[in-house]
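Going by the order they are written in, the chains are A, B, C, D and E; count residues from 1 in each one.
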Amino acid sequence: MNRIEVKDLNVYFGDAHILKNINTEIPKNTVTALIGPSGCGKSTFLRTINRMNDLIPSFRKEGDIILDEEDIYSPKYDVASLRKKVGMVFQKPNPFPKSIFENVAYGLKVHGIDDKDFLHQQVEESLKAAALWGEVEDKLDNSAMSLSGGQQQRLCIARTIANNPEVILMDEPCSALDPISTTKIEDLIHKLKNDYTIIIVTHNMQQATRVSKYTSFFLNGEIIESNLTDKLFIEPKVKKTEEYITGRFG
Amino acid sequence: NSGSSATINVVGSTSVQPVAEKLSETYKASHPDVKINVQGGGSGVGIKSVAEGTSDIGTSSKSLKADEKKGLTEYTLGQDGIVVAINTKNAASDLTKDQLKDIFSGKITNWKEIGGSDASINLITREEGSGTLDAFEKLVMGDDKIKSSAIVQSSTEAVKQSVKQDPNAIGFVSFAAMSDDVKAIKVGGVSPSEETIADGTYELQRPFLFLVKGEAKGEVKAFIDWVMGTEGSKILADEKIIKAKK
Amino acid sequence: MNINKIIPPKIAQKIMNGLFIASGLLTILILILVLGYVLVKGLPVVNLEFLLADPIDSGRAGGIFPMIISSIYVTAIAGIIATPLGIGAAIYIVEYANANRAVRLIRFGAEILASIPSIVYGLFGLAFFVVFLQFNWSVLSGGLILAIMALPTIFQVSEVTLSSIPSSYREGSYGLGASKWQTIYRVVVPAAIPGIVTGIILGMTRAISEAAAVMFSVGSALQTPISIFDPGRPLPLHLYTLATEGISLDNAYGTAAVLVIIVLVITIGTNLIVDRYQRKMTGG
Amino acid sequence: MQKNNFTEFLIEKGLFLTAIFSIIMILIIILFILIEGFPAIQEYGFLNFIFGMNWAPSEGEFGVFPMIIGSICVTLLSLLMAVPLSLLCAIFMAEVAPNNVKKFLKPTIETLSGIPSVVYGFFGLIVLVPIMRETFGGTGFSMFTASLILTVMVLPTIISISQDALKAVPNEYREASLGLGATSWQTIKNIIFPAALPGIITAIILGMGRAIGETLAVIMVAGNVALVPNSIFSPLRTLTSNIALEIGYATGIHHNALFGTAIVLFLIIIILLLVANYMQHKYKIDAGSGYL
Amino acid sequence: MNRIEVKDLNVYFGDAHILKNINTEIPKNTVTALIGPSGCGKSTFLRTINRMNDLIPSFRKEGDIILDEEDIYSPKYDVASLRKKVGMVFQKPNPFPKSIFENVAYGLKVHGIDDKDFLHQQVEESLKAAALWGEVEDKLDNSAMSLSGGQQQRLCIARTIANNPEVILMDEPCSALDPISTTKIEDLIHKLKNDYTIIIVTHNMQQATRVSKYTSFFLNGEIIESNLTDKLFIEPKVKKTEEYITGRFG
């Protein structure tokens, strides 16, 4: 079953045509990887799915994005509940200028949970899942801004999963992480994929093959090829895809 | 800077200011080498600045107290009437000085007691020290004080507007600034006019003064002489500043 | 957070949106009322002669040309002095100062300056600039007073804006070997321009509309000031005299309308420029 | 290099001078006010001056207590109305309003602060006072009327500065919060508003300064009765009005007493600012000192 | 010959002891890689070398850092010229809110160069070296803030090399880059290493082996092992190092 269907999507920032005629489907309870060279539109695509681009004044789109049979851009669609349902880990870690604890608890509090014990338990679990607990358990009250780059990135992952989304958009979640932390985040993704739909942007081909079932290859704002990850990497149909994944590109 | 250059600074009363400006405008036409700056501030500022020597001519819209007079020469431009004004819708029209006193001291509080409709009287007075208030207090209030809850307005126009807006208000304004959007009350049967002010039958009036430190000299003297002369008097008359008959 | 349980977030959002829009509309209503009042009452007397002629008969007739020039003079003097002082002080506080007590003292000083009544400024200006420094009754004395009045607004708004500039910009610049001052004037200040301009606009609108503070120092003269040592009569002061002494209410409103239009043109113009600048810088 | 460092040194010292300029000005102004005002307080007695209920210069009575109450009441009442309205409006402009509304609204609101106080005064006197009189009875000159005028006068200051402070909050925070499914109100309340708080408090302090210092407009609508007001519909006199009303005529001890009023006003301003600063300190959020 | 010598360096942020007894040397005209798990102090170490941590109020250090025989923390050392000499690519891309051109030209302008043609030529060369030219040559006047994550990262690299530093500190310069761009940046590093001293933080072990001659392994604020890269990866002396590079850690 498809969780998300994208139909004839075109995205513009002002005059620049960023995404061109995107047609694709994201199946339920699987991991889909997006790959492609820097600047090809992967982040823009993710940000269109949870309507984050609405914040950019010059943003304009054509076409539809259907989530669970509903058009998420229809005027009566509730954007806040969309974003609760579709969580996102941003490319640049963006913790709030609050304590570590408050960062992770934020989503829950916003959705009306104020039971202290429950919050603490959720925060701990999420931080453990994001492989950060050990490093911060003694300083949950410290400002999240004083964490290292990789720690901030894991904090943002913890913050997103603490919020229990159904779909998770991850924009290069492991870019600032060492191999061990990366493995732990990949384990997390494996665990989550049974109940969640995950879209992950990655520049790491190995990572794509390790975590995803499907992969889409973006180039210059277009989807050049989409397929089962195994197939796409072993026998790509399009020449460009082959060139890209073998590193002979450009 | 007094006297040394051909600039004359005239500083003080805001009521005298328009008249002084008119005078300087006309004077400059015939004396192009003389510059006259007319600056407001209030009578107190006028008295103070001329006494301190920062201005050449101080202006005042009230007579000076004995201690303020020291070392100053006074030139009286003329008299300005004080008109007691009420709303044009108000039926009252003629009041005695005693009635005025009772009204402003708070003994009479309702218009019906003095020929108006049944409504309480809203008093509008001027700020402490104003030349207008000074004259009104001296001539009407005697030893009584104006009721402390009376609304205070700080300028002729503000009093006029307050009276114009409120059918139950009563206030007093300069005769020179009188217009028919408010109604002038007769005091003791005499209505304010140039004649009644000039011959003193209309009693509510105050002087407009030019003040000079010591004796007027040079350009300042020339200007004051001109003001007190025929040309100046004509302008003063146009501005409804009235030369007392006696 | 308890409120969440009583009022669901979506309802809260609706209520707050209602409040936002209501207050926006209320503000617009106030705007229309006040600006409309001034313009409706004042525009009928405004014509070319009113703008370009000298006043006749203390302002009962004629125009307000000398007042426009006086206003330009005092506001320009205020701007030229207050802007660098205010921005300079803000830069010092945000970028250089680290002695905490001195910083708090300076901030506190600016806050006090911002709260002093204009009438006290007026008296101070008379005593200090006119009499003590011997600047006499002149547009210079008036402009200096207005500079002190506008200073705290420019300072405080700039300070807040400068301190909200992300430190990653500073690091980027330092990392390239830029000196402190280069970092400040090439990266930090440009990024803070929108806020600083708001401060300048608010400071200048306050200066251009002020009557009480210049009442005792600028001279009230009806002729056009040529040098900064000449006396003048800025628009608000003219308006004040016309209105309060009952000289001509119509011309008072006309003067107010001219002043409002001048301010409107300046604020709209500056905002457009800043808006374009900001969009260019951030790519919004 | 040597020369370069010297330039930097000069710039720093120059900026330091600009920074202490306001302190110097304050000191000069305070000195001036003290010199002029002290004789009255000395002659009349500090406590008599502050707590005296009767202001009658012609009889040598100089009690400013009613004006102290008047100033505080008018300032607080106007802030009570202006702060919520301005903050809501600032949020409306920074976060809610469509782009073209914003573009039109900001400069026009700033223009409001360019309208001279006299105009506000006349507007109040001619438009507002009659409405008040017909609605609430009395003379129409009252604390409430004055506060309404002040509210309108401080709106532009508070709105413009807070709106800029809100806009300066990095978009990343907004995105992070919205990305978690927070409604825009929750985002504003929990993230944007706290991050913009220092700017907002500056806005309020500047607005307060304008309210407490405003003279000409208040004089025309407050009634200027030197009695302690007994309701918000009573007329009252503020300290600033007291100075402005009488300074033009005052000589001798009366003149000194008006400067004494200014000294009292100074003390009140300092107390109010200390309270505001304490609150700013108390609610300041710790943004951490991170770098990444 | 050693370019940089670090002696008994201890760094604290407030009470937290971040770097502990660091003693190391960075040889001239070589590439040194720093590896280690997230949060171990790599960025802090880099930022201590160009005195960037001076900006953090709670920062405090003991020990010395000697660059070209001079103690960079001595009071008479000119910090601006230090930072001109020691360029840095930050972990989180931090372009200025200026145009792309102005970003790259910034360092040159700051150092007094205002010849237009020369600036243009330098900007072009730097952007080409950072593999960004093709994507931005038509929009040099656009704001750098509207670039994609990877584009911003390459812009920051271009900005740093345009400034002609002698020592370059790179904090995960390829974290947001696709494999092709990564290759190009690595080529750049290879080209630069003949004349420049480079310290690079990376989480990518392959990258460390590809670009660096020496590698230091950081753990919990200490340098556990420093060696020629080949040796360190093939026969690590310390158990922890082995565990880390084989991914069996923690």
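The definition used in the following text is that a residue touches a chain if its C-beta (ideal position, glycine included) is under 8 Å from a C-beta of that chain, and two chains touch if they have at least 3 such contacts.
All values derive from a computational prediction rather than experimental measurement.
Chemist: Suppose you hop from chain A to any chain it touches, then on again the same way; how many hops at least until you reach chain B?
Modeler: Tracing touching chains, the least step count from chain A to chain B comes to 2.
Chemist: Taking touch as defined above, what minimum step count separates chain C and chain E?
Modeler: Graph distance in the chain contact network comes out at 1.
Chemist: When I count C-beta pairs in contact, which pair ends up with more: A-C or B-C?
Modeler: B-C
Chemist: Taking each chain's centre as its mean C-alpha position, how far apart are chain B and chain D in Å?
Modeler: Comparing mean C-alpha positions, chain D is 35 Å from chain B.
Chemist: When the centre of a chain is set as the mean of its C-alpha atoms, what distance in Å lies between chain C and chain D?
Modeler: 15
Chemist: Hey, how far is the Cα centre of chain A from the one of chain E, in Å?
Modeler: A distance of 28 Å separates the two centres.
Chemist: Pull out every residue in chain D that's touching 2 or more other chains.
Modeler: 4, 122, 182-184, 186, 244, 247, 289, 291-292
Chemist: Identify all positions of chain E at which a residue touches two or more other chains, and write them in rising order.
Modeler: 13, 43, 52, 55, 80-81, 90-92, 146
Chemist: Can you pull out the residues of chain B that are in contact with at least two other chains?
Modeler: If we look for residues of chain B contacting two or more partner chains, we find 14, 41, 45, 154, 158.
Chemist: In the complex formed with chain B, which residues of chain C make contact?
Modeler: Contact set of chain C toward chain B: 56-58, 126, 130-131, 136-137, 215-216, 219-222, 231, 241, 243-247, 249.
Chemist: For chain B, which residues are in contact with chain D within the complex?
Modeler: For this pair, the touching residues of chain B are 14, 41-45, 47-48, 67-68, 122, 127-131, 145, 148-154, 158, 161-162, 165-166, 169.
Chemist: Within their complex, state which residues of chain D touch chain A.
Modeler: Going through chain D, the ones touching chain A are 99, 171-184, 186, 190-191, 195, 285-290, 292.
Chemist: Spell out the part of chain E that touches chain C in their complex, as residue ranges.
Modeler: 50, 52, 55, 79-85, 87-88, 90, 92, 94-99, 106-107, 109-111, 142-146, 156, 159-160, 163, 165
Chemist: What residues on chain D touch chain B, complex-wise?
Modeler: Residues in contact with chain B: 56-58, 121-122, 125-126, 129-130, 133, 139-141, 219-220, 223-227, 235, 237, 244-252, 254-255.
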